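Letters A, B, C, D, E and F mark the chains as written, and numbering starts fresh at 1 in each.
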Amino acid sequence: MAGVVVQRVERAELSVIDELAEYGVATVHEAQGRTGLLAASMRPIYPRARIAGSALTISAPPGDNWMIHVAIEQLQAGDILVLAPTSPCTDGYFGDLLATSAMARGCRGLVIDAGVRDVRDLTEMGFPVWSKAVFAQGTVKATLGSVNVPVVCANALINPGDVIVADDDGVCVVERARAAEVAQKSRERAANEESKRKRLADGELGLDIYGMRPKLEAMGLKYV
Amino acid sequence: MAGVVVQRVERAELSVIDELAEYGVATVHEAQGRTGLLAASMRPIYPRARIAGSALTISAPPGDNWMIHVAIEQLQAGDILVLAPTSPCTDGYFGDLLATSAMARGCRGLVIDAGVRDVRDLTEMGFPVWSKAVFAQGTVKATLGSVNVPVVCANALINPGDVIVADDDGVCVVERARAAEVAQKSRERAANEESKRKRLADGELGLDIYGMRPKLEAMGLKYV
Amino acid sequence: MAGVVVQRVERAELSVIDELAEYGVATVHEAQGRTGLLAASMRPIYPRARIAGSALTISAPPGDNWMIHVAIEQLQAGDILVLAPTSPCTDGYFGDLLATSAMARGCRGLVIDAGVRDVRDLTEMGFPVWSKAVFAQGTVKATLGSVNVPVVCANALINPGDVIVADDDGVCVVERARAAEVAQKSRERAANEESKRKRLADGELGLDIYGMRPKLEAMGLKYV
Amino acid sequence: MAGVVVQRVERAELSVIDELAEYGVATVHEAQGRTGLLAASMRPIYPRARIAGSALTISAPPGDNWMIHVAIEQLQAGDILVLAPTSPCTDGYFGDLLATSAMARGCRGLVIDAGVRDVRDLTEMGFPVWSKAVFAQGTVKATLGSVNVPVVCANALINPGDVIVADDDGVCVVERARAAEVAQKSRERAANEESKRKRLADGELGLDIYGMRPKLEAMGLKYV
Amino acid sequence: MAGVVVQRVERAELSVIDELAEYGVATVHEAQGRTGLLAASMRPIYPRARIAGSALTISAPPGDNWMIHVAIEQLQAGDILVLAPTSPCTDGYFGDLLATSAMARGCRGLVIDAGVRDVRDLTEMGFPVWSKAVFAQGTVKATLGSVNVPVVCANALINPGDVIVADDDGVCVVERARAAEVAQKSRERAANEESKRKRLADGELGLDIYGMRPKLEAMGLKYV
Amino acid sequence: MAGVVVQRVERAELSVIDELAEYGVATVHEAQGRTGLLAASMRPIYPRARIAGSALTISAPPGDNWMIHVAIEQLQAGDILVLAPTSPCTDGYFGDLLATSAMARGCRGLVIDAGVRDVRDLTEMGFPVWSKAVFAQGTVKATLGSVNVPVVCANALINPGDVIVADDDGVCVVERARAAEVAQKSRERAANEESKRKRLADGELGLDIYGMRPKLEAMGLKYV
């Protein structure tokens, strides 16, 4: 099944994608009904990055980064590379040269269920990566994989063109067809949170704001 | 046994607590005879924070953060929230809204043997957290737990009102009744370390300062 | 076999060592044919450090840091302490007092397949450490180990006097006798990468620069 | 998206399924081009079981096994229950009562990316389970999930009606539509292996049987 | 605080303890309101053992098994040794010689949050152990710990004289004072399960036996 | 450095090797001064095997088992295959066909810091394996490694011809040149243990047999 590059991929609208980036992973994840999170093992190489983009997926053999070169040619501005190895691997698939090339094509970051390296350089370049490992062990260019096919990455199914949101809390995938709806729900949720934040900062209690006391009492909570 | 909120909890004196914060986890842990450390899996969400405070304990069901709302009402200035789930869990129990509410009540931080989220916001707010995971997966409000009961958190027994010390080296609990004594021993230890630091910085060797050479020789250490 | 301190150890030339530090772990590792990497579990306590030095090896019992005191006396300017426990251990073997002493002797850093503590102080002092854990649990001084014997540290064999290179990507060991040759190969590799970086930044593709298209086509890669 | 039970699911033919069970996971996995393996964390609760069946999938909330009761009503003879929690969880979702009920409906086993309990009873009943944990911590019945929707279980995408093969080597999923083809390829592979086994048992070398010597020589293998 | 042997410990009645053994960990854990489970990392060295006994607790330094010798003198028939190291450790604290000695005193097994060795011999002797590791690395006899003090073992608080129940599902602790009450609740639960088991084996559905259909319908479960 | 097959390897005498197998890993490990243990992650695929043999080492690329075919030609009766991958890997390098071939050459087992598969067949054939994973994911035959070179396997340095001892407690390596001496010390140790076992089975205490009481008293152990 390996050895295929799908060139035509529908993407969500950039305005929707950029709005999802503003809300961040925790809000988007809640807004779409608690689905789409990648495994907690996916961690950013440096703090404070928050991005969203269209998934350009890569299915790669363990320890072989050849398909990343192939994928870079398919990049459009606003894309995020998403690499899933076909077998567990912590090798460093990606470093500063590939990042230079990807950035030249408008790529916003990398999500990889494997390792990266040159992280000092990547940090200085401002190229954000979410990975399960940082490891200097390099890779070969010997075996074919595929580009823009559905992949299971860090336990989540990702289709090419799905929207990826990533920040310090992790990585979340939003189905392309639902992106506008999820942005709408995230917007409502964020507005609601903002008004709550003000009341909480004034010392009002969540117990009262959320009307929790009757239910807690009904369930038998005792104050002693 | 769940469903209890203990409202009256004795705390240690704030001056003692603040002094313990100065010494930090490694010194306090040594000073109380190498006891009280939480498991090494408890890591800070951002570096350089160092706090101490009175434990306000929460026993919470897995994936359910309802009791945090209940606990916030019980907070006094100088407290630290300590949450132990009743079953292993990496969900994100706590985010920026709860932190806003806790800070409004004088809370100094959170120690949680589970996950947190919104860590970019928490970092900007300067609300320190020690957790075993960062994960955007949220929680429900469906089941009762308890507040201010003894908990086992990251392999350590913590009673309400015990003193928590936390920094980059991890988290340590000091029994409330022993807090003043441990502060005293930490003070002596710190003073002793300061004088050693100067001699070591001058190039004097630990082998000589600590008088180790005769014992090493007696045990048969050979220089070749 | 424990209880031996080897005092005479050959080191590589400092000019060679310093040049290896410039290239960093990923480049050096590739340049010597993808050998010498320590396990990915070895992580820096703070980002952006990049050092190289001569390995001063320590074989230590679990939870016993006595031999570090012995090792510090053997330090020469440009050395890196390399500690391998004889059994898995996450205790904090090393803190700011030992770092003060080691720095006074010209030590450049520590590589330890166990834990460290006082990492806030170590960070402020600028003493870099690569470890598998940060943990405040201290150690005793009760049992002999050895200094400057071959050790297996984080899955790599390290001989006293071998060159250690460490940065954000991990830790790599270069055999002392091969250091000049590896520096030469790293230099060539770095020069080559620099010219590639410019072409990639201009948007040229790796597919073309590396002449990959014919081979991919021969292997059957299909664009659809 | 939760709260759906799909009742009409196409299954592969039982004769094909049973043949796949004979070949086992390693052979089936190779025969379908090295795809479909679940993560190595999925381990059998007792050794020597080898089964195949149609996937009846369950998407369940963490720590909530309500949907298993719903799923059991949908079981047909020859099915295997496949449960993926919507968040990482090691609770014991399944015990001997549920197994009694499932066996009464012709269920062949359970594949669960979470925990099970009562494993002594399950072993005596001969009900095979592949899970990532064994843990007595039970679950609640409070939240809806779904039955017979696509799930990502232990890093593999499984659609309802896909064929599951499981033995001591792990768990493999075969797409329903490809089951007959994969059985055919497995049959050829197994026959080929049988003839090789005889030659190898007679002491003939793989180097000669597989004609490896010229290629090894060409690649530069040196015998010293 | 180390260096104490408490000689007088109250135990629960043997008839109660033996009854708890019959029900096993999953039932006892539910019967006492889902509390008392040790971490899932505690695994039996051989399958099918099921025991209950009074906890004789040992707080031991990492890699030092001296206190086990001290503890064995305190054993009474029906006791279970429970060892918690004061720092994480996988060394093999316990082997066939210690088991011989413990069995001669009527000990029923060992629960240890560390490693054991000689497991082939222990299996042949029928001495059951629940541990987090099997490892041949031995220990020393150099430092004091304590016997019959409260310990935190695998994330659970265990007091001397508490009842330990252990089987293939893990290990559970029952507070001594609650043992008779928990046995009573376990008895009711087991009787109830037995009647359910018969109905389930006849093909009746949990959906009907537990009256789940109305609630599922109310929550919006859709059959499609 | 890859691509070398060393054909001439000195082995220890078979009578010495066979005697080491009798004593087992825990005794041999103690007898040689607590050195030589492989990491605790190395576990047997079935219980109760106990073997010793000469190490025939294999350095293999991740996910590539070609060198095992090359190694099998070098096997002599009494050898044990020892495979260390050059990068972390859990793929199933070895199955029943390779075992058939290895057994035909007199091989006694396999020690592999990676995965194996076909474990049901390997168990039925009685071919013992110690591995860090069981996983059906197969490997390719594309890249050269080396045979009979020094390897670091599961954190231990193993030279070709060293003696490997393996049982339920793990795996231990004995340097070839020390094999006879270690067998002698193991013999003494085993005899000593046998006499102790009798006294302990009669209820005598280790406290008395080993004369521990005065030292415990001197260290301040208090009985309360």
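Everything below uses one rule, namely that a residue touches a chain if its C-beta (ideal position, glycine included) is under 8 Å from a C-beta of that chain, and two chains touch if they have at least 3 such contacts.
Since this is a predicted model, take the numbers as computed values, not measurements.
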item	value
Chain F and chain C - chains in contact with each	A, E
Chain E against chain D, contact positions shared by both copies (same if over half, else different)	different
Comparison of A-B and A-D by number of C-beta pairs in contact, larger one	A-B
Rounded Å distance between chain E and chain F, as computed from the means of their C-alpha atoms	31
Whole-Å gap between the CA centroids of chain A and chain E	42
For chain B paired with chain E, centre-to-centre distance based on mean C-alpha positions, whole Å	29
Chain B, residues touching no fewer than two other chains	34, 37, 40, 87-88, 90, 137
Every chain pair meeting the contact rule	A-B, A-C, A-D, A-F, B-C, B-D, B-E, C-E, C-F, D-E, D-F, E-F
Residues of chain B touching chain D in the complex	61-63, 87-91, 137, 140, 142-143
Complex contacts: residues of chain C adjacent to chain A	24-26, 29-30, 34, 37, 40, 43, 47-48, 50, 167-170, 172, 193, 196-197, 200-203, 205-207, 210, 212, 216, 219-224
In the complex with chain D, residue positions of chain A that touch it	1-2, 33-35, 37, 39-40, 86, 88, 150, 152, 155-157
Residue ranges of chain B touching chain A (in the complex, touch as defined)	3-7, 46, 66, 69-70, 72-73, 90, 92, 95-98, 100-101, 103-105, 115, 117-120, 123, 133-138, 141, 144
